[in-house]
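Per-chain residue numbering starts at 1, and chain names A, B, C, D, E and F are given in the order in which the chains are listed.
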Amino acid sequence: MFSVTVRDHMMIAHSLRGAAFGPAQRLHGATYVVDATFRRAELDENDVVVDIARATDAVRDVLSELDYRNLDDEPALAGTNTTTEVLARLIADRLADRIRAGALGDAARGLDGLLVTLHESHLASAAYERGL
Amino acid sequence: MFSVTVRDHMMIAHSLRGAAFGPAQRLHGATYVVDATFRRAELDENDVVVDIARATDAVRDVLSELDYRNLDDEPALAGTNTTTEVLARLIADRLADRIRAGALGDAARGLDGLLVTLHESHLASAAYERGL
Amino acid sequence: MFSVTVRDHMMIAHSLRGAAFGPAQRLHGATYVVDATFRRAELDENDVVVDIARATDAVRDVLSELDYRNLDDEPALAGTNTTTEVLARLIADRLADRIRAGALGDAARGLDGLLVTLHESHLASAAYERGL
Amino acid sequence: MFSVTVRDHMMIAHSLRGAAFGPAQRLHGATYVVDATFRRAELDENDVVVDIARATDAVRDVLSELDYRNLDDEPALAGTNTTTEVLARLIADRLADRIRAGALGDAARGLDGLLVTLHESHLASAAYERGL
Amino acid sequence: MFSVTVRDHMMIAHSLRGAAFGPAQRLHGATYVVDATFRRAELDENDVVVDIARATDAVRDVLSELDYRNLDDEPALAGTNTTTEVLARLIADRLADRIRAGALGDAARGLDGLLVTLHESHLASAAYERGL
Amino acid sequence: MFSVTVRDHMMIAHSLRGAAFGPAQRLHGATYVVDATFRRAELDENDVVVDIARATDAVRDVLSELDYRNLDDEPALAGTNTTTEVLARLIADRLADRIRAGALGDAARGLDGLLVTLHESHLASAAYERGL
């Protein structure tokens, strides 16, 4: 099994719902350093997992919908508790949509899976892994 | 599959048994930077893998039994060759015990697996992965 | 010249004022991984630059005044453009106040300088350095 | 499941074939920071996954065949498009050969799998995983 | 004193001249992860050291003259031994030229100094520091 | 001003003397990831700060006198409180001795200064800087 990982980041404000979150129930923020990993059993005709320039652009495109925003005010996220785990799944699912839609090229339709990891500090990260 | 990883560390003295360890047969020491990864197929009712504050406390609790000690003199480790691999398993097993005992909350009983990685330098690490 | 550096972090929301900030004029957020460096020409009577436990506590104390907050709503920051540079100076100045007040112990009054670095992502950081 | 990871690096020149590579079709170069991960269900008689000194030597031995070279001129790579993915597989396969040949010791024949990750910058990496 | 650091990278081929370089006399390559640090005694009217977007663009602009190239074939580098140290100075000097020419904005003419660090692997880096 | 930094590490046991050290008064241990920085106003005749292979060997040579040892039992350290700061100075001073003795080559006698940084965990480091 092969994989390729590209890194980008986003800087958002949000608050979390639930007494378990303690002070994170207040409006605060985070830099999420995002690692998107693309997996594939066999390489494509260019001997790569995915065109890395297109993968990088797709990740940027997905993150730009969230970057420099207060997630509490985003209509698309109304009713969503934007934990790191939930954001990891959201980003993975939106990347999967773009892959299916051909935004990463025809060859990328042969990808087998995705792993999205959000590093929220030097001490903590969350990840979501899914098939394609 | 979701996961959450938290980082902590411990600073221990020990020696290793077996000619293969060369100079590490002498009493020496290590800082182990420990990444504990908690895995779960579905998020809990707070939309997280685990209450990260409780997970962090549990990791600290487990490490505090080893931290700032000479492992060669720990009664609980008598007869144990405390390689990085063995310590990774020990920490994972003790975390699993705490999860089962409810120390990370009721919801944490729904966790599916654990991965514990010990970084012993910028060049080497060992890990142990288990189900729950 | 000796130095000791300790790392902590904070997660804040804020917005920046000035057309040059582009999308960062919107309410967004950041994780700042904070490195506080304490400098001293000669070691103290314990052969250290500073009691690292007290230094770590002082950094946490200063950061806890900002952590998990929307800096746009903090009365103490009213009228302040909370750029990374400004926050680095604010944290350094507040640490200097605590050092002078004896919060890091009598020996810490012999410190010569401070450097505070805020890493806002894997790509950018800002720092402020001052004497004591 | 246990694993041990060791890190080394190589510095090579090469060019890539295919319009998708854009400017990387020109002769350029890369530092690949290489993480080789050895996996094993049960520890060997020394309570380790693999003799880490031998594993480190084997990784160095494999990398030294590529290090400080222009891969476009290597006879053994004639006709190979030396993408990061292809190099990850090449290194993993050559490590597997050495394991089978006994270069890491008899006990290493009990290893279950290998993962080789090549970090080409702070933003991108590729990996190849295989059984043994 | 304030500073701001931005990170980018370049991937080049080259060879070094001199018996002391051993195998690095052969054509090989490197990823240089480049940290450009801008220093200033007082913040500008936007409360920053430098417009970080413009600084990032200027670093990219300077690196793009070297990126994805064989430095042995660059006319501008004919007769230059492109050690990491020499490249650090070259990049710093070219950034200084752009600052003087106003490419980072009028306010950037108030910068006091530059530090350029090139990380060539996880084990080695070189840096060059200069006034402005 | 130019600099070159090389990284190595050592794994030692020790205990610290003084009530301020709390649990670190017990015999414990540390991995110190060591960055040795060599500084020089002008490059030598090979266009480098120092022959990096020789610098790397000298750092290894100095660290090998401490590595895999219990520092409490080292005759050369009798009566020394082996704090991270003291070890940083010790390593810097021993490197300076080797430079003066010609172990890094004649050109290295033109070095202007040294900075030795010991990272004891992902959270703390100490450094010592001196002239030559």
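Basically, contacts are C-beta pairs under 8 Å (C-beta built on N, C-alpha and C of every residue); 3 or more make two chains touch, one makes a residue touch a chain.
Please read all numbers here as calculations on a predicted model, not as lab measurements.
> Looking only at C-beta pairs in contact, point me to the busier pair out of C-E and B-F.
Result: the pair with more contacts is B-F.
> Farthest chain from chain F, going by the mean of C-alpha atoms per chain?
For chain F, the chain whose C-alpha mean is farthest off is A.
> For chain A and chain E, let me know how many angstrom lie between their CA-based centres, rounded off.
Chain centres of chain A and chain E, defined by C-alpha means, are spaced 31 Å apart.
> Centroid of chain A to centroid of chain B, CA atoms only: how many Å?
Here chain A and chain B have centroids separated by 27 Å.
> Of all the residues in chain C, which ones touch at least 2 other chains?
7, 122-123
> For a test of understanding, state which residues of chain C touch chain E in their complex under the given definition.
Those residues of chain C that touch chain E are 18, 20-22, 81, 83-86, 88-89, 122-130.
> Of all residues in chain F, which touch chain E in the complex?
Against chain E, chain F makes touches at 1-8, 43, 46-49, 51-53, 56.
> Given the complex with chain D, which residues does chain E contribute to the contact?
7, 9, 11-14, 23-24, 26-33, 67-70, 73, 120-123
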